[in-house]
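Shared between the two complexes below is chain A, which has chain B as its partner in the first and chain C in the second.
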Partner chain A sequence: MRGVALTALLAHWRRRPGQLATLVIGLALATALWSAVQAINAEARASYDRASGRLGQGAYETLTDPSGSIALETFVSLRRAGWLVSPVLEGRMMAGEMRLLVTGVEVLTAPPGTLAVTPGGADDIDLVALISSPGLGFAAPETIDRLDGADRLPPLRPGALVPPGQMVTDIGTAERLLDRRGEITALVVLPDQPRNRAPLSAIAPNLVVNPAQQQGDMARLTNSFHLNLTAFGLLSFAVGLFIVHGAIGLAFEQRRATCRTLRALGLPARDLMGLLLVELLVLAVIAGGIGIVLGYAIAGALLPDVAATLHGLYGARVPGTLSFDPVWAVTGLAIAVAGAVIAAGQALWRVRTMPLLASAQPRAWATVSAVLLRRQAIAGAGLIAAGCATAWMAQGLIAGFALLAGLLLGAALMLPAGLATVLALGARAARTAEGQWFWADTRQQLPGLSLALMALLLALVANIGVSTMVGSFRLTFTGWLDQRLAAELYVTVADAGESARLETWLDSRADAVLPVITVDSPIEGAPGEVMGVADHGTYRDTWPLLTARDGAWDELAAGRATLINEQLARREGLAPGDPVRLAPGWTMPVAGIYSDYGNPMNQAMVSLDLLETRYPDRPRLSFGLRTDDPEALAEALRADFGLDAAAVVDQATIKRVSLEVFERTFTVTGTLNVLTLAVAGFAILTALLTLASLRLPQLAPAWALGITRKRLARLELMRSLALAAFTFIAAVPVGLALAWSLLAVVNVEAFGWRLPMHLFPMQWLVLLVLALAAAALATALPARHLARTAPADFLKVFSNER
Partner chain B sequence: MLVEAKGVRKRYSTGGDPLTVLDGVSLQLAEGETLALTGESGSGKSTLLHLLAALDTPDEGTIRLDGVQLVGLDDAGLAAQRRQTVGLVFQQFNLIPALDVRANLAFQARLAGRHDAAWQGHLAERLGLTDCLGRYPEQLSGGQQQRVAIGRALAARPRVLMADEPTGNLDEASADAVMGLMLDLVAETRAGLLMVTHSSLLAGRLSRRAHLSGGHLA
Partner chain C sequence: MSGRSVRALASALALVLGLTAPAHGQGFAGLGADAEGFSVPDPGRALRFPEDHGPHRRYRVEWWYLTANLTDAEGRDYGIQWTLFRSALAPEEREGWQNPQLWMGHAGLTTPDAHFHAERLARGGIGQAGVAADPFEAFIDDWSLTSLGIGDDAFDGLAVTATGAAFGYALDLRANGPLVRHGTDGYSVKSAAGQASHYYSQPFFEVSGTLFLPEGDVPVTGLGWLDREWSSQPLSDTQTGWDWVSLHFDTGEKLMGFRLRDRRAAPFTSATWIEPDGTATPFTDGALILTPLSETEVDGRPVPTRWRIELPEKSVDVRITAVNPRSWMAVSVPYWEGPVRITGSHGGRGYLEMTGYDAQ
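Coming up: the complex of A and B.
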């Protein structure tokens, strides 16, 4: 019985391969976009975990010297005083084409896990080979690939936790490779130190304690970015489910008669449900499988851009290649199945509750009454209100996302009722019979199209919102760069000797020399840097201050106050006049706040003199130069003074590079935007193809009364265009609201800065054209089909056998 | 002559052997004349009506509709003939579901550019539709739907009304009432009437009768 029943149910798909394809493609697309985002997130997180396994950012406290290297005597006296510390030498070298970070640890005294070879810290390796010449090096597999053929390196072994671009080895090997014998750059403080050891301040007061980090800073900083991506993935998934919902709904509706016959022939309702569920699961698994493969491809294509984004925004290093994780694949399948069940829930329920003897009246599969439209609209308004209320009452990123979710879902739910109103108005205003019919008929198509139109609305809203945000960011960023990069040339030197020579050399050659010293320092306990700047008009005139006390620059020059960046001010809730802790034991009042886009870290500015007094060993290694003729001066710096080409950079180059980084940063969002729009277009196509079979009885009378097929097809096209255009009009305000919440709520939480909102009507125009094109493309096929429908097919509608 | 068909042939090719449904049919309908087209099921009555109504084209033969030769007209030309000359009533699916009764009644007349509110009001009254002008087709009974269809066909004052078993879906009493109304109104407008029917009772109420059998008229 069941076998026969299943054959009868499956026969449907053989007759309608297009419907089957729609279902599978929709579900596969939804799964693909969702799992691509998941894969990207997982890859990035894995690389943060690896990065935080690195020394200095790792699980142990470390000691460093502000000058960069720790004297051997200091190490010896610490050991004598009972400190259990293990030396580390870290430096960069050129290996082949790559600037390799070499980290040498003393294998015998280093705490477990510092070699970062295996997860869990059991560094199970051949010690003898490691400490004898030529030694061993551990690096990430992709680093090993890139280092293939580089000379001077020891044999390399894969280290699962070593971040890309780094090699961990024995300290002796590192000394040899870096040619820095007897040097130490950091000391790892082992856990379980003896209780009565002498305090650090008594033995080595110049050393700085870097606290161990429980959770990777990168993970903390980038969390919000990944949340953003996840939200986008979820949105795409939802849009995909709209397609599946439509296809499944129609398939079930068309098989109503079959189902009823099967029930009448004695198949229990439970068995029927079971069969339908099995069919659904099989389809979902197939579609999910395709989706996973697709998702993997999409993720692989997007990852380099995501990596660039993460690097540009947070300085996080993520490899550009994707690894395959079976858990991810299984999750993707599960999502596909869950999505299919959700999308089919309504249809399954209808089969379950279907009466055995139904009325003969064939009902449209998605007939939605005016009452339902109104109820939907009220629910939508409620959702928007709830989102706003949450945003108003709650704080932080959650509030931002509640606002976004309420806004998007609410707007989608309100769309059909809004369109119905517009179409009713259109019908009332229509002058000709054809026009009147056009509007009324369009309104009748609304229930069947509303899901697809909701998908289109979501895609358009996301597009407008994100592009407004990116556009505002770009505009602000460009202006900000002009302010921030006021000096014509930027120069870096290698050491204190060269620095002193340079200052003398420049004395008569540059209009102004502006040395900058930067010290890494935990500002208010979070990673940050303190910058020492000279007192000069360049800063006073151009530095992008957001708010400041009167006389802020004088206070800064006198060493009485500091200027802090916006992200620090927002994170710590600081305003001018508040004290800020720039380093352990060093607190200063805030004189003003400046914008500092693209910097993940806390930053504070103090006077150069003050910073040099606090850190006397820090040489002046960076300079901004004011000059009338930057080209000539740059040339002279290279040719006469003998600086490296790379050590002299002009303002224009920095700006160009910064903007390039910025543009790459948002490629990902752009790509996801286009994909979502494509999916929405596909949803429209599906809905139209689904409706096409129901259309014939609606169109046949109009044809019989003298409207040509060509005209009917053209009207179908115009119908889609009108609906797309109205949906677009609805999307503009919602998109702007979305942009506002991104700029004013989400961005502030995610990045620590708030941007002014700008409007870009030209972009909307482009988007409108895109939306119309998507609608036209989606309608082209059904419309062409309609134009070529044989009169006999129309006549069948009227023929008596029907 | 309102309708003049000569030697009309129509074949359907459904996979196997082509099926010749009409094998040289000739027919004439004069102004004010009412003609009943009868025949067994499958004899080709609907096919013939569709050809005469410019809904389909014959394989051979000629058809003149109010003096216009249909053979050779393109899609737009045929559509114009349907708009201007013919009023059509089918057994079912006559009405445009998206429009209410008032709009359905006016539809063809407005398409043809001959909308006449007074005439339409008169028709609605005669057909007993004045109370349901704001309703949609799905909210009407079968008999009401057919009356709307007849009203719509006549609202444009067509030269000829063509009906394919217009009362096939109705019970006897309603069928009789609808039929009576149709004949009255046709007489009022002096249009020709060509009606396909199974019922010899209904056929008897028309002025002339043609029987289709084996692809020929008798």
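Coming up: the complex of A and C.
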């Protein structure tokens, strides 16, 4: 019996392959977008863990010197006093065209796993070659490719686990490459220190202990970015589920007759449910499998952009290639199955509670229940209120996302009631009978279309919100770059000798030479940098200050105060006049706050003289140059002074590169945005297809009253366009609210800066056209079908055949 | 402490540093230098002091190896080990990280029911580890073996200290006898093929000091034995490990003996009989017989922790039993090293070391 029943149920899909395709594609798309985001996040996180795990950072305490350099003798003194510490020397060097991060470790004292540069571990590493001359370097295969032909480097070995752009080598090799003999940048403190070791203050009082978790910075910094991606993934998944819900609902509706017959033949309700569930699970697994393959492809395609974004925004190194994780695939399948069950829950419940003798007529419409609409609207308003309340009362990124979720879901729930009101108004304004029928019939369809319209609303809202954010960001960022990059040329030199030579050489050649010194320093205990800048009109006139005391630049020049970036001010709640701790034992009043987009770290500016007094051994390695003829000066610097091509960069190049980074940053967002809109369009199509075949009984009387089929089809098209247009109108304010929350709440929490909001009505117009086009496209097929429906089919409505 | 340590060091550093034991060298024995420029042991070279207390950088491997059998006021047995190994990648010194000399320290502390150990590794050339001959000091990190500056020889009085995560010790050593040269005037043969090392000992230490244990400090006294050995010749491929003993008999006589196990042949044995006045009698292969009596499974491998030891020419027929059968040094290359009690024809205390017992 069950076998026969299953055959009967499955026959439905054979008759309607399009419906089957809709269901599978919808679920596959939902799974794909969700899984893609998960895969990207997992890959990035794994890469942070690898980076921190191998360097003994993250898992271990470290010792650093505020000056940035620890003498080799200090390391030896600590060891001789019983401290189990291991030296790390890290720095950047130009290798060919690449700015390579060189990490030197000392393998005899390093914590276990330090050299686990390949998934297989460190067993097959030739340690003698590593510590002998010329040494060995381990780098990601893609890095090795890029380093092909670079001189001075030791023989390179592939280390799949080394982040891109980095080379791990012996400390002896590193100090030679970086020309920092006898220097150490950090000491890793091993666990299980011996008993009775001397206190740190007695051996190296200037060293600062960095607790183990502080090195998880990269994961913490980028957390917000990944949360953003996850939110987008969830949104896509939700939109996908709308499709699945529609397709499953339709299939169940159309099989009511089959179900009734099967029940009448003696199949227990529980067996029927079981069979439907089995069918659903099989479909879910197939669709989930397709979704995982798709998701892997999407993730693989997006990962290079995500990697570029993470590098541009946070300096995090993530490989551009994806590795496959079976756990991820299984999770994706589970999500697909769970999503299918959720989407089918309502339909399954209906089959279970369906009275045996109920009409087997598919119901094209449910009664438009004013009560139901009102309840939904109230629930929606409640969600919005709850979201706002959470954002108002709680702090942090989660609160920001609560606001977004409340806003989006609430707006979606309120949409049908809003549309019903608009349609009622339309009906009241209608003069002709045909017009009244049009509005009334549209209202009648609302329950069947509302899910698809909610999906459309979500997609439109996300689109408006995100494009407003990106657009505002772009405007602000471009303006900010213009201000901030005031010097015509930017030059870096290798050492103090070259630096002194350059300043003399430039004396008569440049209008102004603006040296910059940067010192890594824990500002208010968090990683940061202090910049020393010269007193010059370039800064006074152009540096983008958000807020400042009167005479801030004079105070800075006199070494009496500091300027801090917006991130630092927001994190620590600082305003001009407040004291800020720039380093252990160094506190200064804040004179002003400047915007510093794209920088994840705390930053402070002090006068060059002051910083040079505090850090006398820091050479001036970076310079901004003012000149009327940057091209000639750059050429002279390269040809006459002998700087590397890469050491001289003009303003335009920096701007171009910065904007490229910026554009890539939002490529991912844009791609997900388009995909979400596509999914929503697909949802409308399936909903309309569902309705089209069921609406004959409602259309037949109108046809019988003399409205031609062509006219009916045109009215169908107009109905879709009207609904899409109304949905779009509803989406604009919600989208702007979303943009505001992104700019004023989420971005501040995630990145530490707040951006002014700009409006882009032209973009909305484009989006409106897109939405109408999607609706028209989705209606085209059913409308054409209607226009070609044989009159006999209309007549059948009035006979007993239906 | 002869061959065993060659292998312990060679294989330990081999594992830690990926150093593959070079097979050449043995074929050049007697030519003065091997293919990579290392000196090889020379039977004609007499030992010279105090220089030979210091490092011999032109040789591949070398160690300063101290063991001591100790007892507390209640007569409870303890043992300590302090070892500094040197291994050279090239026969020279260079400044800073480029220095090819590598150092490894092992410290052990054995009680009847616990065994503590620790390992330290260091590069030469930066001051983290090293040895100076005069005034004598051997150190790695905060561990040291330092001359007290008493007597004619640097080894007449020494202070030793080491700490691990859960243990430590600080002991004074006073020698009441002379240095003892093994083999032929300190030239000790290690295999039938002729591999050899320079090898001498100071086996006459009276030891006093304090053990730092988790349950508290324990004052102890006892007997100590310091081995000095250097070579450039690893053992042959077929030699799989060693069993080595240093025994203090109650009569004041002492015995050093070892057995090099061979995959293809009978074990190679060697021994030095030491009179209470320091007179040493070397015994070549076959004179000493070491027979395992019972095994203890440690770290997943059976290790013989009771032995019968016979040296018929000196009427020695004793059994040695580990104070703690689980004296396992779980370091880079793990081995067994701990104090033993002696019964049979002679009574006494001593130390046993066994290497090359692989997990099954």
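By definition in this document, the second predicted complex is superposed on the first by the 641 of 802 C-alpha atoms of A that agree within 3 Å, B and C clash if a C-alpha of one lies under 4 Å from a C-alpha of the other, contacts with A are read in each partner's own complex, and residues count from 1 in each chain.
Just so it is clear, a contact is a pair of C-beta atoms (placed from the backbone, for glycine too) under 8 Å apart; a residue touches a chain by one contact, two chains touch by 3 or more.
The model shown is predicted, which means the values in this text are computed figures rather than measured ones.
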| said: For A:V76, using the defined touch cut-off, is the partner it touches chain B, chain C, both, or neither? Pick first, second, both or neither. | reply: second
Original post:
In the superposed arrangement, does A:A455 touch chain B (first), chain C (second), both or neither?
Top reply: neither
Report for A:V128: first if it touches chain B alone, second if chain C alone, otherwise both or neither. second
For A:L177, is the partner it touches chain B (first), chain C (second), both, or none of the two (neither)?
neither
Open item on the list: Quick check on the superposed pair: does A:A722 touch chain B, chain C, both, or neither? Answer first, second, both or neither.
Closed with: neither
- prompt: Between chain B (first) and chain C (second), which does A:Q444 come into contact with in this model arrangement: first, second, both, or neither?
  reply: first
Given the complex, residues on chain A that touch chain C span 72-73, 75-76, 79-82, 84, 106, 108-109, 125-129, 131-133, 170-172, 175, 181-182, 192-197
The residues of chain B that touch chain A in their complex are 46, 50, 55-57, 75-76, 79-84, 88, 90-99, 103, 106-112, 115, 164-165, 168
Within the complex, chain B is touched by chain A residues 432-434, 436-437, 440-441, 443-444, 697-698, 700-711, 791-792, 794-795, 797-800, 802
Within their complex, chain C touches chain A through residues 16-19, 89-90, 96-98, 100, 102, 118, 121-123, 126-128, 139, 141-142, 163-168, 212
